[in-house]
Structures are given as structure tokens and as C-alpha cells.
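Take this structure, written in C-alpha cells, and hold onto it; I'll ask about it next.
Chain IDs A, B, C and D follow the sequence of writing; residue 1 opens each chain.
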Amino acid sequence: MSGSEIIDYAILIPLFPFLAFPVILFLGRIFNGTPTWVKNVKEGGIIALTVMGASLIMALLVIKEHMNKVGAADVFTWFESSWWESSGEITTKVFGFGIYIDHLTVMLLFVAAFLCFLINIFSIGYMNTDSINDNRNHRFYAEFVLFCSGMLGMVLADSFLWLFIFWELMGLCSYLLIGFYYERPSAAYAAKKAFLTTRVGDVFLVIGLVMLWNMFDGHLDYAYVFDPENIARVDQGELQIALGMMFIGAVGKSAQFPLHVWLPDAMEGPTPVSALIHAATMVNAGLYIVARMFPFFMEAEIGALSTLAIVIAIIGGITAVMAALIAFVQMDLKKVLAYSTMSQLAYIFTGLGSALWLANNGYDDIAAFAMGASLFHLFNHAMAKGMLFMASGSVIHEIHHAHHEVAHHGHDDHDGDHHDDHHDDHHDDHFDAQSMENMGGLASRLPITATAMFVGSMSIIGIPLIGGFWSKEGIIASAWKVALKEPIFFLPATLILIGAGMTGFYMSRMWFMTFAGKPKTEVAEHVHEQTPWIPIPLVVLTFMTLGAIVFAGMHAGHWLGDFESGHYTSFFDGIGYEMSHVFLNPDLFLLILTYVAIGLSLVIGPTFAMALYGGSLDEGQKAKPWMQWAINLSARVNNKSKFDNTAWANSSLADSLHKRLHFDEIYDAAIMKIVVGFANLSAIFDSKFIDGFIKTIESTSQEASRRLRALTTGSARDYIMMTALGTLVIFLLLWGVT
Amino acid sequence: MIDPAWVSGLAAILFIIGLWGAFSRKNAIVVLMCIELMLNAVNLQFVAAATHWGDVTGWVYAVFAIAIAAAEVAIGLAIFLSMYGQHETISLDEVNLLRN
Amino acid sequence: MLPAACDGPGMNCVEVFSTDFWQAFAPEAILIIGLLLLFIIPNLGNSKFRIPLTKTHVPWFFGGKRVKATGSPALPGMLATATLFTALGMMVIESIDGKMDTTTVVSGGIIIIKMDNFSRFFEILFLAAVLLASMASLDRIPAHTFHGKKSLEEMYDNRRQADFYILMLTTAIGMCIVALAQDLFVLFVGLELASLATYVLVGFHKETKSGAESGVKYFIVGSVASGVGLYGLSLLYLEFGTLQLTEIAANWVDSSILGTIALGLVLVGFGFKVSAAPFHFAAPDAYAGANSPVAGVLATASKAMGMIGLIRVLLIIALPESGAQESAIWLYALGTLSVITMTWGNVAALGSTNPKRMLAYSSVAHAGYMLAALTAVGAWKWGEVEAPSDYAEAIVAAVLFHLFVLVAFKLGAFLVLGLLEMEGGASRLSALSGLARRDPLIGTAMFIFMLALAGVPPLAGFVSKFLVVAGIVSNSVGELWVTTESVSFSDIHWVWWLALAMFINSAISVFYYLRIGVVMFLDVPEEGRRKPLPYGASIRMAIWICLVATVLLGLSGDTLIRMCYRAAESLNLA
Amino acid sequence: MLVGGLLIIVAGLMAFFPSLSDSNDSVDWISLPLVGFPILVSCILLAFASQETRARKQVIAGPIRLFTLCASLIPLGISTALFFDWLILVNWENLSYNQYELEKEYVWIETIGVSWHVGMDGLSFPMVWLTTFLVPITIITTWNEKDGATYHPLLLMMGGALIGVFVALDLFLFYVFWELTLIPMFFLILKWGGKDRRYAAQKFFIYTFCASVIMLLGLITLYFLQPEGSGPGYGTVTNRTFDMKELFANAAFYNEGDKVFLGKDMQNILFAMLMIGFLVKLPAVPFHTWLPDAHVQAPTGGSMLLAGVMLKMGAYGMLRIPIAIFPDAVIYYQDVIMAIGLISLVWGAIVCLGQTNLKKMVAYSSVSHMGVILLGIASMQPIGYAAALFMMFAHGIISPMLFAVCGAFKHHYHSMEIGAMRGMAKWSPYLAVYMMFAWMASLGLPLLAGFVAELMVMIAFWPEYGWWILLPGAVLAITAAYYLWSMQRTIFEGGDEGQPPESLHGETPPDITLSENIGMIILAIFTVIFGILPFIALGMMDDWTVAFFEGVFKAGGI
């Protein structure tokens, strides 16, 4: 390649934020608290925004160039090391870093760069207006850009090794940002839990990498390992185990069963963090690595890797339903979204599992379709979930502010005397700005936020024509297609179908509890939107979500599924095909399936939610017209139905759902009781026995010394006697020889 | 003339008596006498050997040995005196401040 | 007829008291002259001799009111030191370049003494040790001029100045005779001369209980041991009809059981001198009661003297002929003795809280190391080596090196204790506490001595231990690489395990040596020892000499090693 | 007076080296500049300081420590310049086996074949640079240590002795420096240590000394089992040599097919004897118990050098001597080495999890990390050996930082208990950041120096031992667990007000001092540099391992 191609500069995309990290950190350390730093630079937010903007522009340039072209570029050689081959030769192995761009990269690069930029805008609005963050926002922005660097780097990396390296970098940032409010014990705990849980997965990922490295003669770069000849050469069974190991890493990172426990707790971090890391980007890393395995499944022996594909799909299916179930009972706005994230990622895993199974069994065309659907869902979900989290952040932010206002005014009005700060703080502690029980009826008070949340929820639920619908239908269809070929796939396929309905329920529940009905607290009545930084990204993303239909029309699904040769079509060419394919599929089975899914998600789930949580707004309050109909509908459904869920709410299932199906308890118990207990015993053993042995030598020799010296009695007669005895001994020894 | 072997035998007996006495008696003077006994055994031995070999050096050795023994007695008695001056005993068992 | 030893270049035989004899004997003669002067000079006075039966008084100059110049109480020490220094200087100049002639002194066909590299080496060692001790004693037993108040103690000290140095010189002369002797009886006479002097020196503190007691014990046990040794000699004489080393050695192969018994008895006599277990019992008591410089001489020079005896008896006499297949008969006896000795010494020293006793036990341990080295020579026919004497020489050289550097650091350690004794006692560990704080240089010096004793590089103690182990290993390995296709561990002679025992022991020993360091550097000085140390220029000088030697011989011991090899070669072991 | 005495000694030394002749004409950049200079300077400073009174010592402490710092920068400058070829063209890469750069040989003890033979190759140069780098860092970090007049010169002396170990190409010289390192460390622990310093200092000294005498016996036995020879370096009396270069050159002779000079059992026994000394120094479980005691009691500077360089002496020694001479024995003991390595790794990590003392935890983490080196060796792959080398190097940068953090913690909070306080980030943000950074580096976060070695070891481990890899894998997780757990209980939590430890008695806890800050930030920067650009050091190491494998294992017919 000639030197001036844009891809040669692609390294700048992760490099800009990487270099901004120390800059923000040190500038923040130096200028902390100065007016310019706070007002104009937004405690580093503007620097971060500039950098992310530059990265975004750079990324867009790269994307434009590589829309239909696979590209690769070497950046630098990390290090070289040598290997003693069984043939006796010593060969050099290169651990290099480079850029690799195909459709998968392009899509994720866009998602990452775009969302990083938007969420950065959001952060400035969210973080800089809250007094709790004063004088430490530079830390937030520094860690934020470092994370962005990790994410962009992971997407661009040309080898599994560097994928892993950036993956860990993201893990670190996730840890730091979850623990941003380090003084809260819950945040500290959540940060540790997140890091450790993903670390468990990472251990297996490393083992998988090591196995791959060994199988592929010291190569982990995509160009080599995806070479069909090389794939055909290696032991297929071992390959499956290696990929399985890597999949465990993905399970940890993407919070799938059974390593899912960290994600809900991770909501302790600031909301922009939840939006970016724990919804839109980092958790997608697990999906990304599984999607990257696609060529292995294509090129491996037929059926050699199907077990792994089935495992992936089943894990996805289980998680989808489990997370949705737990989401039913969550009262915390962000936690609902967190479980929703888990559930949606699980969908994508199931989709990927189907795609991989198909690819491995020779159904290349449908495989590409399933792959495309899964990745498209990844895209849609990232956009929608990022938006949802930001919207929830907006809600929380405004509730928080309103609470402050109410608290102060309230005291002034009613009591007339001034309460000390301590009392205020005390008051603060008991008010949970994230609980949906404190909300209600916000649709009119936060119109932009409510709209964004409305669109986002619809996208996640899969309301026809909006956002996630296009991809979700594809995933369900693919899973069922596989199920027809491989009976065991009925399990994940059924699970995700049920999950579709459950998604309809919990997402609607969330929206209605928050925005419909009467305000549940005094605070909720005082909410209003303040800063311009927050709505901008919401509006942008709302249009992105709605625009999914455009992407679908441009055959995004097909383009994504075929890394090598997929092409875009124009919107108007494709939309008709897509519409007819979805709604009027000639295959009867798929047609029925589509309508069942639509029915579950569009009708059954939301209806239950409306029946339980719907309601009209306060008198005189009016939401925007595109939401008002839904509120009115919900009020009507709510009034009509006399659905009583107290029995269900008191059931033991609900109880264990509240306790997140006891996973956390069991894990905690296992770690604290068994591992830490064993560690404590080991520490005692180490000091008492291993070191004790050394100490015993010492004390024994001291005792021996005491006894030996007791022989020196002090009497010269004894000395002479010992001399005489010694003489005898010498005689005996001399005698013995002669 | 007495067979030198008998003299040697006597010397051996004297030596053993001396050695035995050296560690079985408490009185420092007696122990010194026992040591003298051992040295006398040496003298006898030299004399006997000189007779056996017909060599004059043995006699010379004996004379030297007697001189050594005399010096030893002189020094020994002096040391015992100083011990008596400090400890007011000449029993070896009671002089055991230095031990272990 | 002159013995065969007189042939060859650089070898000459002289009759006793001939001119050539005096030329070769000059250093020793100086010692004797010094000794005589020590008798005479302090006693010069104005006394007159009355010729019997007359009233004529002839000036006699001996006794009476002492002449002020010669009667100075400080004079004997100076004189002795000067004598020793002169003799030492002559010997060093004579032998340092390695081109010394071997002079054999014969009388009536009997070789009496021999001045060669070996004997000169030991004489240098003895004189160096005694010289350092004398120097240290200049301050140690302070001489007082009679101005101002006179305490009884001061008077007492002054009266004893001459006695002390006379005994010191006597010891030196006795030791020199041991080094020179070519006849076992001469050797024993020298040994007795030195021993008798040291008995008195140990009991020199007769005004203290412990001084008197240590003298008694050392005397009694020493006398018994030398009695046993002498009896052994007489048996040897009975067996061989001569006590000439060369002749006994030549006839050793044909000896009967009597020879073996005699060997055992002689071993006991020398075993006491080197303080090998179980003949070492009197040593800790003696060191504890004696004053420190004397104890230092006992632990270094006296031990070296015993080692000469062992080398003469075991290596010259009782070693099988070159070419014979069996190993020496004393191999197992000495091996056992060495392991017991080193272990006993080290284990006993572990818990000892009296620094002098601790050093005494450490000295026992060092004796064990050297016995182990000698043991390895006994295995010298092992593996059919071409030139077994090379191997034996390596070991002897190592032992000599060890003995020599012991003078530097063991005597140095005793001298530091001597410095402490000047302010009252050094028989508790706490006497050393805070030494490094009170006087950093002396504390550091003591610590370096301790490290050297423990065998920590790069100090002399390490090199010596290294050489000893290297000697043992070289003997156990022999020339296996020539004789064996592939060396297996079982091919190695068992004396290799002695090296291991030695190293394990020296590892144990680190414990108590370090404890001294810890006490000096960490603990608070005890009551009554808060003031600076007494000055004592000459004892400090002696300590410095020891320190410099300890470091220098460790950093660059090549010259000394060469001297040791030359000394060992002159033994003519083959 | 003592200065005079030292001059006498130096002069005496000059006189005693009879043939202080150069083997070639070039300047000797090792003997005096890197080894002799620090030791001599520190001796003179110590001698000077020890003559002063207590009050005067306080006064001169400042100038002395400044002087010490300047003195320690000189070796750093030289070693850095040597790396960049500023002083002399040095061929660090592409050295063949048993070929050294800047090699110098002077006769020392001619009779037994001991020479002052120094030189460096890809194995030793990184360690030398590391030592020269760490000494000034340590001095800066512990700038305010009490009794600076003697403390800092001791650190300098320590550095000189450590460099001596790494540059020695003569077994005798190697052993001399090996033991010499004990003495300054003994004093550092004894005089500046914690409550149980008496016990810890003695244990440290005796434990390692015991092991090294066994090693010495092995060396001596090896010495006499080599073929006789003559020429420079060979003893005039013994006809054998302590020169490593000669020994390595002859080592092939032991393994030639037709004539196996040393029997296999003999090789194995000698190998084991040498390894014992090195394993104790490393330290490997179950010989590790001196380390926690020494570390917990040692002052910060002592711990930094102890963990940073001294432990690596063990690994360095293994690679330099027994493995190079007895390749067959490495194969014979391969599984044993692997087992010891795995046990060290796992046991160290598990015991860490059970610790409540911060410094003890870090000390055990060193045990754990040193296990990685053994795994690298047992893997019998160049990449494993390179991993061991890089682990030595990376841990040499990271662990001083760990101990600097512990030291600063102890210094400002007067406590070492992990659970004694909460919310350190509140008062001591710098310390908290450094702690987090160091902990993260130590648990093997990618892009920090520690990760590279761990990755390489895992790669080398898998083909040889397969699913045992789960154990090192588990350790990765356990390591993360104990580090994160300890962070959660110290720098996090505590509410808005924080929760200072009781040991402060209500005072406001301070942040770290400027000197600690400077020291730690330099360490942090280098941790990042070598994490992102490991090839700087690994290039040399890789070339060395290739040469080593060609020269030892392949030449040995394995």
C-alpha cells in the first residue's frame, strides 16, 4: 500500500483520546477550582469533547473510505520473541499492532466514535451541573477519554491480542468510573465486583488466546488466523475449545449468565458512564469478539464447531429470559435499563449463535443474514440504549435538582427557621433520585427526555418499523430457522420469543411508571429541563433510532453479514424488499413467527404494563402529541382492567427476583466463605507451619546448645575424664580401621 | 638385667594409675601428683626403650622429661597457691565459677 | 654423615652453634637475647656485691634501687615489643620473596631443627600473634609512673610488667621451637616451654577468682594432655628407636599396633592444643578467665602450634607411602573428631552469652574445620592420582592460610574485647551493647571481625574457608576426570561430606556472630558504659592492623596464598 | 582516621594486584564506574559520617544525601549511555552465546584461578541498568528517612554490590558480590526497620547465607570437576578456573555424545545444589518465609531495592550458571521446577488474599510473581526465558513502586493494617492514585510492564503443560482479587467525611511528600513506557535467549 492512505492514520483515532488522558488529568490537577477551568473548559469536558470530535471526524473519514473495502495497516511491532519449533529450528514470532478494517469494524467504529462524542456532550451537561462532582470532573473526563481510547482501539485492532489489550484497558476504565464516587461503599463494592467478574472471564480469554497462538504458529492477527488454509490445518476440536475459552471471556464482558452479576451493580457509576460503557460500547466487546470468530465457523470443518455455537445461543437464551424476569420487579430506573441491556445483548448472542451454527454447517447465505441481523441489532441497541440511559440520566438529574429546590423551599415555607446542613444531608440520604417510585407524570415536564425514552423503548421492544424491530425480527427468525435444522435450538429460540413479550412488558412498565400517571412525590412536580447540553444528544439519537428504517432499507443487515463483499443498496431499492420480506414472507412458518413476535412484543407485553402502571397525567398537564395517545391509552386500559398483582408481588418468585435470583448471595458466600476462608487458613499455615519449621530449627538448636554447654560442668576433673574418654574413642576408631 | 618389657609394662600401669587418679581425685595436689606419676611412666618408658634399642638418646630424653616435670610441678604449685588465695580451697570440684 | 635432606640446591646443613647456624638462627637468637635482656634490664640498680669474707663491695648493678631510666615500668613492654618486631621483621624479609634457603641443623647425625618455608611461616604467624598481643597489653596492663597518688593496684601492675612480657617472649620462643623442630622430642620440649608459659599467662590475673580458676583448669587439663602426649612419644620411641621425623616416617609402614596406639596418644596431646572436642573443655574456661590478648594468643598461635604437631605426626609420619592403595589409618578417627568438634563448637556457641566463651567455642569450631581439612589428606590415595602431594599441599596450604588469617580476625576480636575489659569486664554480651554507637570505628571493626569469622566475603575469613573447602573437595574428587569415563556422584570420596558439614556448620555459626553485630548496632549501652571507650593508642593500633589485614587478605590474598603453598611444598609430603 | 585507613586499603589493593593489566585497550566502563565507584564513595561517606556526633549528623545529612544522589546518578548516566551507544559502540543485540560486551579481565588470585572478570550481555545489562536506575529513585523516594547521613550511602553501596553480582563473569567474584549485598541490607533492616527488625535482619541474613553456602559448595565441586587447563584465568596451582566464560565454553564438553564427562547423576546433584541457593534468594515456596519478615520490617528504601533487584539475583543466577552448564539437568528437573513455580505462584497469591498487613501482602505478591520466572524456565521455550527476563525487569520497576506506596502509607498513616481506615483518596489523592497504579501494574494490566511477561509465560506454558494453565490463570484472578479488595478497604469507601485510621489520633492525614511524589511518578512513567514499548528491553533479551538456546540446549543435543 502506498503511504498516504487514510488507514495509515487510523491509529490516530484511539491515540487522540489516549494522549488526552494524561493531559486532562494533569491540567485538572494543576488548575483545579480556577474559574477558567470550571466555567470555560468545563473541568476538562471541552478538551475531551474536542478530542472526541477529532476522533469522530477521523473515524468518519476512515469509514467513508472503507465502506466497501477491507483494509489493513501495520502500526508498530510491540515486541518480538522466539520459539523453539519441534523441528529444532528457532523462529522469531512477532507481536505487532496494526489496524484492520472490515464491515464489522466500520459499524462498531461508528457506534463507538459517535456515541463517545454524544455522551461526552451529555456528560458536560450532566456532570458539571451537580455539586457532588465539583473539583473532580477532570478525573471523570480523563477516565472517559481513556475508555474511549480503549474502545476505539479494540475495534480497530488487527489481532486478538490487541483486542484483548484494549479490552482490559476498558475494564480498567470501567472499574475506575464505576468507582467514581469512591466514598460510597456501594460504589467501591460495585467497582471491585465488576472488575473481578470480568477478570474471571478474561482469564479464560487469555487461555483461549494462548491456545490460538499455539495452534496458529504464533499468530493472532486476523489476516493469518482467518486464512482458510490455516484454519483447515489446525485441530478442529482444540479450535473449538480455544474459541469456547474466548467465549467465556465474552460472557464476562457482556454480562451474560452466569457472569452477569456485575452489570446491575455497575449502575453505581455516573449515568453517562452507564450510558456509554455499560450499555452502548464496552458490553458490546463480548459480542464483537464472538462476531469476529465468524470466519472460523465458516472455514472450519462442517459441524466441527456447532457445539460451541449451540452453547452460545443457549447462554443467550437463558440470559434473555432471566434478565427480563428480574427487570420486571426493579424499581430503580437505571437497573431496569441494565437488565434490559443484559437481555438485549443476550438476544444478540443468540443471533450470533445461530449465525455461527449456520456458518459452520454450510448454510452460508442464511448465516450471513443471521450475522447481519445480529450486528444490526447491536447497532440499534447501542443507539437506543445509549439514548435511554442518557434520558434516564436526564430524569435523574432533574429529579435531583428538583429535590434540592423542594427541600430548601419546603423548609423555608413551612417551618420558617433554618435547618443546619446536617439535617439537609440527612434528608438527602433518604431520597432516591433513581427510584421510579419517586417519579410519575413527567411526560409533560420533560418533553424531550420523554420523547427520547419513548422512542428508545419502542426500539428496544421492537415496535414495527422502529429501530430494533428490523434486527430483532431477524434474530428470532434466524434462531427458529436453526431450530428447524437442529432440535436443541428450540430452547434458545423459544426463550427469545418469550423474551420478546417480556421486553414489551418491562420497557413499557418503565416508561409508564416514569412518565405517565400522576406525580408520585412532591419532587416530581417541580421537575423541568435546564441545561442545553443534555437534550442535544437525546434529539440526535432519537433521529438515529428512528432512522434505523433507513439503514434497514439500505440492506444494512446484508452488508454487515458479509464482511468481504457486502454492498449497500440505495434506500428506495431496498425498502420494498425489506418490508415485503418481513411482513409478507413467502415462507409460512416465518410469516407466522413474525406475527407471533409482533403480537407478543407489541400487544401482550405493553398491555399488561398499561394495565398495571398506566394512568393519565395531572389536570392541565399535556404531553407532546406523539406521546399523549399512549398515555391516554394506558389510562383507559388501566381503568378498564381490574388486574390485581398483589398475589404475584408477594410470591416467592417475586421475592427471589428482587434478590436477583440469589446469584449474588451465592457468589458472595462462595467467595467469602470458601476462597477467603481458605486464604486465611493458608496464611496461618504459612506462618505457623512453613515458617514455624524454620523457627523450630532455631529453638531446637538453642536447646541443643544449652544441653551441650551443660556438659561443661566447670570441674577440671570432668574435663580430664572427657579427655580420657576421648582418648578411648580415638583408640576405638583407630582400631576399627586396622 | 631386667627385661625392658617388664619396665614398659610397669610404665603402662603407672600411666593408667596416673590418668585414673587425675580424674578421680578432687584434691588439686593429688591430681598434680598423679600427673607426675604419668610423667614418671614416660621416663620409665624412655629408659626401657633406650635399653631395648641400646640407644643413648632415650636416656637424654628421660633427663629432659624429668626437667619438664620439675618445671611443671613448680608452676603447678604456684598456680594452686594463687587459686587457694582466691578460693580458699584446693578441691577441684569447688572451683567451678567458670562453666557452660 | 649428613642426612639425605642436605642434598640439593638451596639446601644446606649446618652443625649446631657453627657460624652458618647463627646466620640462619638469627631471628630466634634475637628473641632469646631479648628474653635475657628482659631479665636483666629492669633489674639494673645500684646494688653492690660484697665479696665473701671481705668488706669489699663491688658494684654489681643487679637489684637494689633501680636505675630510673631502665627501671621504668613501661620499659619491659617496649622492649618485648621491639624484640618481637625485630625478629618478625627479619623473618618476613627473609622469606617473603620465597627464595629462602633451607637450613638443616644437625648434631651427631640427628636433625634437630630445620629453617625452611614451613617453619618460617609458622614463626611469622606466632611472632605476629604475640607481637599484637604485646602491643595490646601495653595499654591493657597499664604501666604507671610513680608520680602523684599510688594505688596498690598500680604498684601491683608495675611489679608485674616484666613478668608478663618475659612469659610472652617465652611463649614465642617455645612456639618457634615447635615450628623448627625436626625431632618429635624437640617439638615436645618446645611445646612444653610454650605451654608452661601460657599456663601462667592464663592465670596471670591471680587477684581475681576467675583468673586463678582458669589458670588451674588450663594447667591441669593441659598437663594431663601433654602427659598423655609424652607417653605416646615414649611409645613411638619404643616402637622405632628414634624420634626423628624422617626416620619414623620411613619406617611407618612396618609399624606394629604399638605405633597406632602411640599415634592415638599423640593425637590427644595435640588435640588439646588445637582444642578439638572432647579435649576442648578447658579452653572456654581459660579464655574466659584470661585477659583478652592472652586468650587471643591461645586461640590463634597456640592452636597453630598444635596444628604443627598434627601436621608433623599425621601428614609426615602416619601417611601411607606414595603409591600405596590404602588411605591413612587415622582417616575415620580424625573425620569423626572433626565433625564432632565443629558441630560441638558451633552448637555450644549458639546459646553462649559470654562473648569470650562464644569466641572460644567458635575457636573450637574452627579447629574442627581444620581437622576436616587434614582428614581429607588422609584420603589422598583416592582415585589413583598422579601427584598426590599436590592435593595434600593444597590442603595444608589452606590450613596454613586459615591459621594465619585467624590471627587477623580472631585475635582482633579478642583485642576489641580487651579494649572493653579496660573499662571493666567483657564477659557479658551486654558489655558490647551499643558499641557501634559509642565508638563507630571499633564497632565496625568488631563487626568485620565477626563477619570474617563467619566467612562472609570478601573478608579473609571467607577466603580461608573457601580454600579449606576447596582443598577438601579437590581431594575427594581427585583426578576422576582422567580415570573415569563419566563421573558419578558415588565416585566421589566420602570426605566430600566433610565439606558439606563444614558449610552447614559455618551457616549455623552466622547466627551467633551476627548476634554480636546486632547487639553492637542496636542495643542501648548498659549502665556505666555510656562514656566513650578508653583511648589506648597501642591496642587500637593493634586492632587496626588486624582490621586492615582482615580486609586486605580477603581482597587480595594471593601473596599469602603463595607463601602458604611454598610452606606446604617444603614439607616434602611425597 | 578511617578515611586514611581506607586510603591505605586502596593503596594496598593496588599494590597487591600484581598484574593489573588490561586485556584490551578500551576503557573499562564497568569495574570502576559501575561497581567500584558506588562502593568506594559510600564507604568514604559512611566513614566520614560515623565520625560525627549525633547532632552534627543531622546537619550533614542534607549535603551527604545530595552528594549520594549525585553519585548514584553517575552509574545511571553511564549505563544509559551504554545502552544508547553514546560512549562506545556496544553490540547488545546479535551477541552469540557466551560472548560479552565491555569485557575486562584482571588477575586477582592467581593461584586458584580467580580473576576480576566483568562483562555484560543481554541477560545482565537490563538488570544492571535497572539497578543503576533504582538506586537514585530509591534515594529520592526515601529522601526524608531519618539518619540520612548513613542511610543513603548504604543504599548506594547496595547498588554497587548488586551491579557487581550482575557483571561478574567469575564464579568467585560472583559469590563475593552475592554475599556482599547482604551486608548493607542487613544494616538497612537492622537500623531503620520496624518493631521486629532484630529478628528480621538476622533471619534474612542467616536464611539466605545458609542457602548460598550450599551453592558455594556446589560451585567448588564443579570447579574441581572441570578439566585441567592452563592459560589466563587458570590457577597456577590448581590448574582450574573460576572464569565463567571458560566454564561455559567447556560446558559443552560435559555433554558431548561420545564422552559424557560428568555423569547425569552428578550433573543433577550439582544443579540441585546450585539451585537451592538461587531458589531461596528468589524466593520460591517453601523457602520464602524470610521474605515477608524482611520486607515488613525493612525500611522503604530497603524494601524497594530488596524486591526490585535483590530477588532477581536468584533468577539471574539460575539462568547464568546452573542452567547454562547443566542443560540436561534442566530437562531432568523440568517438572520439579514447574511444580515449584506453580506452587510459589498459587501459594503466594492465596496467602496474599489472607493478609491484613499491606506490606506483607505486597511481599507475598512478590513470591507469587517470582513463581512466574520459574514457569518461564520450566517451559523450555525461548519465549519463556525471555518472559522470565522481562518479568525480572518489569517486576524490578513495579515492585519498588509497590513498596514505595507501602512506605508512604506507613509514613503518613502510621499503620500497615489494610482494614484500619477508609477513604484514603479523600486526603491523599496522590498516594491513592499511585497505589492504584502500582496495584494495577502488579496485577498485570495490559499496557503496563507486568502484562507482557505474564502473557509470554502463558504462551510458553501451554504447549508444555496444557491444562495446568488453569492454575496460573486462576492466579491472575486471585491477584486481581487481593489487590482490588485491599484498595476497596483503604482508598475507597468512608463516606463524605472519610474514616482516618486510629493510629493518627485524630490528626488530618497528609498527602505524600514531594520527594515521594517524584520517585513514584518516575517509576510510573517507566512502567508505562515498558508496557507500551517493551521491545526496548525485550529486543536484547530475545536475542540473548536465542543465543542461549543455540549455545546451550541445541549445542547440548537436547
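Everything that follows uses one rule, which is that contacts are C-beta pairs under 8 Å (C-beta built on N, C-alpha and C of every residue); 3 or more make two chains touch, one makes a residue touch a chain.
All of these numbers come straight from a predicted model, not from anything done at the bench.
Participant: What chain is most central when centres are computed from CA atoms?
Facilitator: Centroid comparison flags D as closest.
Participant: When A-B is set beside A-C, which has more C-beta pairs in contact?
Facilitator: Contact tally favours A-C.
Participant: At what distance in angstrom does the C-alpha mean of chain B lie from that of chain A?
Facilitator: 99
Participant: Could you put a whole-Å number on the gap between the CA centroids of chain A and chain C?
Facilitator: Each chain reduced to its C-alpha mean, chain A and chain C end up 81 Å apart.
Participant: Taking each chain's centre as the mean of its CA atoms, how far is chain A from chain D in angstrom?
Facilitator: Each chain's C-alpha centroid was found; their separation is 41 Å.
Participant: Suppose each chain is reduced to the average of its Cα coordinates; what separation in Å results between chain C and chain D?
Facilitator: Taking the average C-alpha coordinate of chain C and of chain D, the gap between them is 42 Å.
Participant: Which positions in chain D touch two or more other chains at once?
Facilitator: none
Participant: Could you tell me which residues belong to chain C and also touch two or more other chains?
Facilitator: Within chain C, the residues that touch at least two other chains are 216-217, 220, 224, 228, 284-285, 352, 511.
Participant: Multi-chain contacts only, two chains or more: what residues does chain A have there?
Facilitator: In chain A, 709, 712, 714, 716, 718, 720, 723 touch at least two other chains.
Participant: Run through the chains and report each pair that touches.
Facilitator: A-B, A-C, A-D, B-C, C-D
Participant: Quick check: in the complex, which residue numbers of chain C touch chain B?
Facilitator: The contact residues of chain C facing chain B are 110, 185, 189, 192, 196, 199-200, 203, 206-217, 219-220, 223-224, 227-228, 230-231, 233-235, 237-238, 241-243, 284-285, 288-289, 352, 357.
Participant: Per the contact definition, I'd like the list of chain B residues that touch chain C in the complex.
Facilitator: Touching chain C from chain B are residues 8, 11, 15, 18-19, 22, 28, 31-32, 35, 38-39, 41-42, 45-46, 48-50, 52-53, 55, 57-58, 61, 64-65, 68, 71-72, 75-76, 78-80, 82-83, 85-87, 92, 95-100.
Participant: For a test of understanding, state which residues of chain A touch chain C in their complex under the given definition.
Facilitator: These residues of chain A touch chain C: 698, 701-702, 704-706, 708-709, 712, 714, 716, 718-720, 722-723, 725-727, 729-731, 733-738.
Participant: Considering the complex alone, what residue numbers of chain D touch chain C?
Facilitator: 1-2, 5, 8-9, 12-13, 16-18, 50-51, 108-112, 172, 175-176, 178-180, 182-183, 186-187, 190-191, 197-198, 201-202, 205-206, 209-210, 213-214, 216-217, 220-221, 223-228, 237-238, 259-263, 265-266, 269
Participant: Mind pulling up the chain B residues that touch chain A in the complex?
Facilitator: Residues of chain B touching chain A: 19, 22-26, 31, 92-93, 95-100.
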